[in-house]
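First chain written, first letter: the chains are A, B and C, and each begins at residue 1.
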Amino acid sequence: MQKTVTTRQLIFILVISVLTLKVLFLPNVLATNIGRDGYIFLFFMLFMDFLVLLMLLYLMNKYKDKTFYEMLESMVGKIGAKIIMFLLFLYFLTRCWTRFQTSFIYLNENLYTSFDWYIFAFPILIVVVFCVMQGIKAFARLSEFFVPVIIFGFLVAFIVGVVRADFTNALPFLENGLNFMLSSHKYSLWFGDYLILILFFGRVKMDKKFNLKVILSMLSLILIIATFYAVFYFTYNYNTVCHINAISDIMQFLPSVSDIGSFDWILILIWDIALFLDLTLNTFAAVFAFSQVFTKKGSAIVATIILLVILLINYLLNFNVFMSMLIFRDYLWYYNVLVQGGIPLLLFIIGLCKRRKKDEVPVAQ
Amino acid sequence: MDNIIAEKRVLGIKKEFLDSPDIITKNIDLGKKKMSIIFIDELCNQEEINRSIIFPINRFIEKDFTLEELQDEIINFCNAEILEEKDIENKILRGFAVLFIDGDNRALGFNTVMYPGRGVEEPPTSTVISGPREGFTETLKINLSLIRKRLPSKNLKVEEIVVGRRTKTRVNLVYFNDIVDIKVVDEIKKKLSNYDIDGVMDSYYLVKFLENKPNSIFRQVGNCEKPDIACAKILEGRVVILVDGTPIALTIPYIMFEDFQSSNDYYSDAHRVSILRIIRVLGLFISIFLPGMYIALQLYHYKVLPLKFLVTIVNTTQNLPLNPFLEIFFIIVLFDILFEASVRMPKYLGMAISIVGALILGDTAVKAGLVSPPGVMIVALSAITVYIIPNQSSQISLLRIVFAIIGGTLGFHGIILGMLFLIVYLCNFDSFSTPYLAPYTPYIKGDLKDFVLKDSLTTMTSRPESIPNKNKTRMIRKEKEDAKDSNN
Amino acid sequence: MKYLWHNKILLVILILFVVMFPVAISLPQQSRSENIVTAIGIDKSGEEYEVSLQYLIPYAGSSQDALKCASMKGRTVGEAIEKFNLDFGKVSGFAHCRVVVFNDEASDGNLTEVLDYLQRIKTNTNNIYLVNTKDSAKDLLASVQDLNSEFYVILSRDSVAGQHNHYQSLKSFGEYYDSILGPVKCIAINNIDLENNQGTGTSGSSNGAEGGGGNSSGESSSSSSDSSQGGSSGGSGSSSGDSQSSSGGDASKSSKIKNDGKLIIIKDSKRLITLSPEESDNLNWFNADVKDMTLQITDFTDEIYKNVDITFDISKRYSKIETYFKDGSPRYKLKLSVNATIIEVIEDEITKVEFVPINNLFSNKLKVFIAEKIKEKLKKAEENFKEYRYDVVDCYETFHKFNTREFKKYLDSLGDDEYFLDNIIFEYEVDIRQWD
């Protein structure tokens, strides 16, 4: 396997995967359901995800030259590998779907008066398929190209928020206790981002401090996201429930911009890019999982089919991201939890056991 | 051997050249052996032939010479070489005077070439405020000499390839043997040998042979018209390709950001240069996206405009008969027509055309209510910024039309999608093992010293990593080394 | 075609062009198909709402802006606006809407209900200001002719009214909903009135309002605003519209926007009281963010001044709030540090024609006098909000944040949160610094 992705690119891709949806509609959902202490909840959930990252990193380091599928084959056999890949395929398919929907709702709400779904869907389909055709190397570079811009935009919004937020709104601390933690499984739709790493097994040129870099950058990202929620809530306090789109709404009270216009639309455009990258990334993962199970050829065709299936589902069911969130919350959360936590944990344990076996062999000899 | 008669051979050659009147032959009777000389009138310096060839031979009349003796002892001419029969025609065509001698099927060639050509001047497309003003000419020899003059090194390797069945154009690959990645040179040679074309008029012919994706609108081969730039590129580990008959030298490998750098940047203050480069990048964005964004704003997103700005736009576009897209498209086409006309017109007429275009057409169109002043301003700004990066102007002017159409159809989201499409396409655009968008993506930390923000020359101690090379060290700071030694 | 097939990118671009070009040339300019609304007026009369939209009218080739106002009646605000859209043949675009003005009758009813339509529309309305007016929002908007008019100057965030003078003036939708969704549900909203010398404006507008539904209503009422611009641009209405336009013009000439610092207190979405300028000023002393205040003391005598009235400019104030419980009762302690500068000294009886020196130090007596004056104002404000039970000084929030448990106990002991202000003891400490 050719090592085509650098450590820096991998970190940027993870940033896209983790950051994009967390600062869009999720803060509003958390503000409505949890409220003031949502940042603690968000931090907890992100940290749980972070544990998955650690497991996957361990496996990545252990099977440096193997792709994810090859690693699976060596762990659970061919049939087991195919089953896991199929589960992952379904998982990424649903993620593509939510991202597709989010993009549409996001643009329709923020940038267009009335945005025709088909005018939105087909151009994006063409560009995503084109990206998939160009391969993961080009995509990694694309992320590297745009993620600094995205991070910059995010930080500007973050700083504006920090300046304007009233941090005393954090009080009273944990007024209603930690009861909200009991409903954490219901938010599984928004998490489980590190599974995207399955694409990069055996493909990353690992730096000397690869693990440290990834872990530190992700930890700081987790902190920033949780703080962002806090800042967002502290800025708007009770009114947060009326602010659906966190990332651009936080910019709206910028002082003295009335003569040159509000800048939140620039942030909206930047987040349009982020959403596209996230969608493409998940399409890549879905194509990867699908092609390991069924066919190894024609990634562009597979991507087209996947996206067309999504369009069809949308056409037939006419769901939106909030509807799909409700479905996930009520019916499909156990599937999400199984894939997000169960599979990495299973593989991690098998990985650990295999090492022990290896260790035991020389002793026996 | 004895039956080889020089005179007959010369006549034979003249016949092969279809008895053209500019083929000059002259017989020299030396008594025992006769000699004949042949050359093309327009290409050779006749005075040189008389002085350096015919006159010395005439002094040694009645002697019996071999070609080797003639070359080494008699003729005082450093550029004399013995030619095998197969090379003779080619050399005559290249402006050599060729001397035949009875009894020898070889010949002696003298480089007496004297092409008509321009002198060394400042190239019109790369004028500078400070720094060297010499530019390449159409004569390969002069161009090579301009490089050699600047790079007097034994490691500077010049390789010659002949391209073109009929033009037999000389193409020189110039590079530092100890810096360049030899794979790049091999790839160039392989690509050039892939094509058998009848004629090469300009280096642009070779550009298409060298490109990985010849149908792409994006350049994959760099070019320059100035020897100082060419030398700087050679020093960075690139290969410079000089083609006879054109002042445009090609440089390989090429990265997109090269065109944002101007030779002037290296002869002025780094801080100032950084600002200029930011302006260039901004100019690129303005030229490509501004017309499209303006259309998108009017068709989809007037809401993002501040109210007072909106009042101006709404007032000026109120009575326009065309919709915003058609208006901008109309002005772009108008500008391009004017540009094309003013380039092609003779200079004194070109001036008149630009006055007619700018003053009369633009002003009248606004007054007649066909176009709006903001529309004219937007396109004019975009048209000016196209030439902020002259080497990229052709693709930029095409892209701005593409983005205008996308902006008119899909609004901002379409422009974003178009931009993503474009960038992902460029991300996969490696040529000669060089990523097209380096050093930004893939990120190459060392090369950022000469990226948008330029660092001082003293910090650029290593050659750019984005250009494959085998010798990374460009500069050693002696003070630092000394300090290290003293510490040790 | 074969060539195109080989060059796939060109093919894709060509297909996109073929598909996109016709779309791009057929789309209209968005600002032509939408009405650019800059202000909304909502008047309630009986069970009906009369919604007035102030919108931008473009003048070709000019850089000036002109505003027009038209009104429509409906059972709900949404219905009236939908009628507008139908009437104008254009959608109303609220992206550039700066303000919603409603009259006393509207704020006496359920204000949240009044604003509901605007809160739910797709356009982000969070930054739109809310302004109350006594009589008619329609007349107020009709008197505004362009974006540089006094009304819009007042509405600018940087203006004196926006930031400096009035306690919680210029409240936006966002701030309104923040208070509505919070526990005390109280907010102070700025009140701007139209001062009518002859009252022609009101009568003109009522004509417009009663002029039946459909077109005639829209045009007649809209013309009342179209005074000077209508004349210069030739107007667009019918002859009757023009005649009303002139009367409307008289109205706008004779009427003046009056922003004297009145506030209305909204509690539970309803207008509780209207504070007089003096009462608003008293309330201003609770908030250190209010800049450029003035303070006047009368009949002051010390070693320098004899029986003088002094006006001070309060350039800066620093406040610190402490909340605590003592003997089971909640205490709200406000520590104010005030920078004062003398800007005017008037002697009651001019005994000597002598200019009072400028650079005198404040005597202790003067400092105490000023502090007492400020405390008096604070006390008056306190009495007012205790009497009417409105908490716009974030008293509840402060106790809730910093004394959560005790405050909860306190609220439990009261039985009803409504009366929480009654037993809170307010303490004031004022420190005066001379600033010159």
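Following the convention adopted for this analysis, a contact is a pair of C-beta atoms (placed from the backbone, for glycine too) under 8 Å apart; a residue touches a chain by one contact, two chains touch by 3 or more.
Since the model is a prediction, treat every value here as computed from it, not as a measurement.
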> Given the two chain pairs A-C and A-B, which is bridged by the higher number of C-beta pairs in contact?
Replying inline: A-B
> Going by C-alpha centres, which chain is most central here?
Replying inline: A
>> Distance between chain B and chain C based on Cα centroids, please, to the nearest Å.
In response: 65
> Just how far, in Å, is the C-alpha centre of chain C from the one of chain A?
Replying inline: 42
>> For chain A versus chain B, what separation do you get between their C-alpha means, in angstrom?
In response: 46
> Mind pulling the chain A residues that touch 2 or more other chains?
Replying inline: 113, 258
> What residues in chain B touch two or more of the other chains?
Replying inline: 300-301, 303, 308, 410, 425
>> By the touch rule stated above, which residues of chain C touch at least two different other chains?
In response: 30, 34, 93
> Any idea which chain C residues touch chain B in the complex?
Replying inline: 6-7, 9-10, 13, 16-17, 19-21, 23-31, 34, 36, 38, 56, 58-65, 93, 95-96, 98, 123, 147
> Which residues, counting only chain A, touch chain C once they are in their complex?
Replying inline: 108-109, 113, 126, 168-169, 171-172, 175, 236-239, 241-243, 249, 252-253, 255-256, 258
>> For the complex, give me every residue of chain B touching chain C.
In response: 215-216, 295, 298-303, 307-308, 310-319, 323-326, 369, 402, 405-406, 408-410, 425
> What does chain C use to touch chain A in their complex?
Replying inline: 12, 30, 34, 91, 93, 119, 122, 124, 126-127, 156-158, 174-175, 177-179, 181-182, 400-402, 404
>> Looking at the complex, which residues from chain B come into contact with chain A?
In response: 300-301, 303-306, 308-309, 410-414, 416-417, 420-421, 423-425, 427-428, 435, 437, 440-443
